[in-house]
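Only one structure is covered here, and it is reproduced in the block below.
Each chain gets a letter, A, B and C, in the order it is written, and its residues are counted from 1.
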Amino acid sequence: PNNRPTICTADEQNCIAITSRIHWDVGGYDYRPNTAGTSPQKLDSGENLRRARIGVIGKFFGDWNYALIYDFGGSSDGFGGTAAGSLPGGGTSGVENAYLSYTGFKPFGGKMAIEGGIMDLPWTLDESTSSNDILFMERASAGIIAQNVAAGDFRSAAGTRWWNDQLWLGGYVTGPTTGQIHSASSVTPPGSSEQYGAVVRVAGNPISGNNYSVHIGADAEWLIQPPRNLVTQAQTLTLSDRPELRIDPTTLISTGAIANVSGAQVYGVEAAATYGPLIAQGEYYWFNVDRTANTGLPPFGASSLKFDGGYAQVGYVLTGENHAYNPATASYGGIKPHDPFSLASGGWGAWEIAGRVSQMNLNDQIGQAVGIAGGRQTVYTAALNWYVNNNVRFMLNYLHGDVAKQASATSTADVGSKFDAVALRTQVAF
Amino acid sequence: PNNRPTICTADEQNCIAITSRIHWDVGGYDYRPNTAGTSPQKLDSGENLRRARIGVIGKFFGDWNYALIYDFGGSSDGFGGTAAGSLPGGGTSGVENAYLSYTGFKPFGGKMAIEGGIMDLPWTLDESTSSNDILFMERASAGIIAQNVAAGDFRSAAGTRWWNDQLWLGGYVTGPTTGQIHSASSVTPPGSSEQYGAVVRVAGNPISGNNYSVHIGADAEWLIQPPRNLVTQAQTLTLSDRPELRIDPTTLISTGAIANVSGAQVYGVEAAATYGPLIAQGEYYWFNVDRTANTGLPPFGASSLKFDGGYAQVGYVLTGENHAYNPATASYGGIKPHDPFSLASGGWGAWEIAGRVSQMNLNDQIGQAVGIAGGRQTVYTAALNWYVNNNVRFMLNYLHGDVAKQASATSTADVGSKFDAVALRTQVAF
Amino acid sequence: PNNRPTICTADEQNCIAITSRIHWDVGGYDYRPNTAGTSPQKLDSGENLRRARIGVIGKFFGDWNYALIYDFGGSSDGFGGTAAGSLPGGGTSGVENAYLSYTGFKPFGGKMAIEGGIMDLPWTLDESTSSNDILFMERASAGIIAQNVAAGDFRSAAGTRWWNDQLWLGGYVTGPTTGQIHSASSVTPPGSSEQYGAVVRVAGNPISGNNYSVHIGADAEWLIQPPRNLVTQAQTLTLSDRPELRIDPTTLISTGAIANVSGAQVYGVEAAATYGPLIAQGEYYWFNVDRTANTGLPPFGASSLKFDGGYAQVGYVLTGENHAYNPATASYGGIKPHDPFSLASGGWGAWEIAGRVSQMNLNDQIGQAVGIAGGRQTVYTAALNWYVNNNVRFMLNYLHGDVAKQASATSTADVGSKFDAVALRTQVAF
């Protein structure tokens, strides 16, 4: 598909293909901190190689599927994390996929995959949609923050999914992400135990016809054992995200490291529908963070924290193409232009407009010493997407964002900010 | 072979192939330090992306062979080393192969390769066996420690090997590994001169028939010039290994940095035999470390250190397949299942059981101030290997280990440990 | 070309190819600092994996070209930079190419590419020549220093080039290199704004015949906005290079961080000619660095700095082949041997000898407190190149260098050095 080069044995039972994608972003911010107490005071305009992947995908003996994909890009074009002993990039470069998936077992009139390794988990509707096919340059913050608890990128996991044309069921046990320190005796940086958690998702496509479809789903995620810092014994969890654009990788809303975390749960709902070239989609996530770990560290007896957020978006393909439904991931695919752009043939590709409103609230128990004032971010995004052909896309995004944030749970000093931003993504994928 | 995708010119004189492997490990330790003085006090259970390689292999004008293979995995899924200015992973990610090999010269009724670059050196029988084909998840400690002196992974080397069906001879000059600092004026981390050494191996297959074979060999390795720290003038050598499982990359036995090292030599013997589906294999290595470098640093006049270790292992393929001998590397290959696993055809793949006992003694001159109390590690491993098809293998290992170690050469305080561990490897390779 | 494996759709409008190169260097220095005040006092002999690239190149719908190429090699085989939070390697590993180029627009009787992403910019004649085809192991220092101001490797850029058989015109806006910190609020290491600049090049091939050609060109480069350190507000620029061999990545000439830089300009001329197997080539670059940035930091009122340097080289292919001209980059290509080396056919490949003299002067305003005593480097290089076949080349270089340098602009203490060096490159490319 999409001109992906593939070599198979004569019986088509064994195939190896090469896959790659480049997402290169250029843009600028007009960022306005509300006060001198706001952090950051500045965002960095310029460029970023958001994704730069090379990978190999294989099928063996018909039923065994494999992928090994590395991402050389990242929020700062770079590698690793920001701790001592690591490189810039905010943890956004690394082994994207390294898994084995078995699809030979086909029970209950459907298809089934049993799989393990380093995987992109099809958890949340937005994440189940390929980054090559999403309507906006970045997914909405509520979903990103939800995934990162126990399901985000570069995640070790093992589990199964079953689907037919109407229903999709999946469940996975998840572990740490690649690049984590696995040495329990490391001191710089401190070693930690490995986290584990689980996710399940149920989604369906109950109504569909020639020209329309409806998608609904529900998501649940459990952080069962947070990683424990083996030097300080701390168990923490941080919820945060960038402002739906990553040319500067700085986050505007963040809970900071929530102390003494014993576990967390995230529950969500997803819905979407298409009618010809029109697509509408929304998700909402509720977070609960328990703080009763037996670490001997404060806070003691603090009640659970609750956060929530979601988004609603709509897109319209001006040239009439539509987003097709993909039952294997329970999500919508991208646009294949009827008339790819060509000066010779006169084709102009496909053009799409889209809008989104997104909110994430990381404030809870404000006014109490054990409260969290992570901020409430609201972002409005307008998008123009040009699908040149099946492999090339340009995306133009305009964002207006508002972060309402106070200095701490017990200080009402305003440390919020507002911003406008414009950015262009150049995308190549196969 | 093994469904490796290869593109050749029409005359078959120029070919490029893609190669890849994933080894993903999941497991847990029951680790029991003998006393509170033992280090480490804990090992980290969980998962590790042990190997994640993508590479390109080529043949040009018939006689010139090339490989460039990168390993994105590692003992902590990560990059680089643990020193400041590097990333987690313990030096186990990096350029695995980047070499040119010429095979057009064919003297004395055999085949010959003259080669240089970054190479896996076929030194020791265990190392000459591909990591896709070894019977256990990790090679035995004695061989790993022997290789790391001047022949281990990511090694720069130049040399030659000659072989026919009965005999294999090889010799290489070796240098530093990839990722070493090459700047003599670097201060953080300190620059060092580049080490050089040499290895030779002689191996043969004197007896072989339809259904049986015998392999014998001898190995020698010289660390001729250890790297010299150009800030402190120190010349050190550290011998250590993980406990034959790397989910936690911590080493249990280690000499620490042996001071004032002027050179080191390792000598070993190897033997193996097959009889139908049965394979037996063993190696033993003797180490000698000289401490007479003119660094102006202590110890002065210390005598040479002597260590030794080895292993014996046996495997039996329940389904009847056998490990074939590969004359080009003088080692045994993997199992190709007669009936690959398939629900459709009813095949169950190949099943193998194996056991190994391994010991490495890093104690010498105990009781003297210049002695080394690196510890004596004994590990018993039982394995069950399922060869699903020619590309997919699952390995289940149970280990029981005992590390006898005292606090220092002059303190008999017990800092040893015992452990049991269970681990599962998911392997994909082509 | 050159046995590069390529898979196309049946209509040849969509193609994906794999590309790779290994440059592995081994060599030694006889380095002689003039005094004990010289830095460095030592250079490190040994080996270095100079380039180790794997990449994918694609064409989509006829007119859209893409490349994603990663370099795993580098001046210390490693990754990243030398600052805290980065890895050894001096910034010479990274995403080499990640761009999209459109070639469907063909105005004025020529060809045209409109392109953006991470690119090798065809700026200077030496840089426009592939590293697989350059006559010496390293390009001359004057060109390297010129490119690094705003056009060197791993560069983000967007622009256009137009060419026909006689003329080449190109202009690009350039940004930071990959791996830069993009977070304005980063403190360790300090965040910085992103630099931007521009380059233009005009080159032509006014005289050409069956057996001869003449190339002339002019180059200009502007650093319009240097990166601003957002912690200290400093805007600096460093001009430096290694001594035309990178086994030890240490630089011998360097301006250090020139303070308060508001901008810089580089202007150059290039000329070359071939007559049968003979090739002659030279370039000269003039640098101007303005120091009037409004950083509030010294120096205040310092006048602009002026540096200059260039090289002249000549090569002769003993076996009669010639370097063909490539109009798309306005530079000369490599040698394709008439009789590739083969013991079977008796071919000996192509053999070439070459010599170069190169000088770079980084001294200006000597005797003034605001002057720069970066040193004046003169290097003579003799080369013997063996082109084994279209994919394999060996290069043997002998260098004699002399660095005249004083301790500072106001101290005439001699901190210069002299060196001789011999090095061998093993090169594989397709």
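In this section, contacts are C-beta pairs under 8 Å (C-beta built on N, C-alpha and C of every residue); 3 or more make two chains touch, one makes a residue touch a chain.
Source: prediction; values computed, not measured.
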Homomeric contact chain B-chain C: same or different residue positions, threshold half: different
Equivalent-chain rotation between chain C and chain A, CA atoms, steps of 5 degrees: 120
Distance from chain C to chain B - Cα centre to Cα centre, in angstrom: 38
Per-residue overlap in chain B, given as positions that touch at least 2 other chains: 7, 18, 54, 79, 84, 86-87
Residues on chain A engaged by chain B in the complex (per definition of touch): 7, 9, 14, 16, 18, 54-56, 58, 60-64, 66, 68, 70, 79-80, 84-87, 94-95, 98-100, 104-105, 116-118, 156, 158, 175-176, 178-186, 189, 191-194, 196, 230
Parts of chain A lying in touch with chain C, wherever the complex brings them together: 3-7, 18, 20, 22, 24, 26, 39-49, 52-54, 72-73, 75-79, 82, 84, 86-88, 90, 247-250, 340-344, 388-392, 426, 428, 430
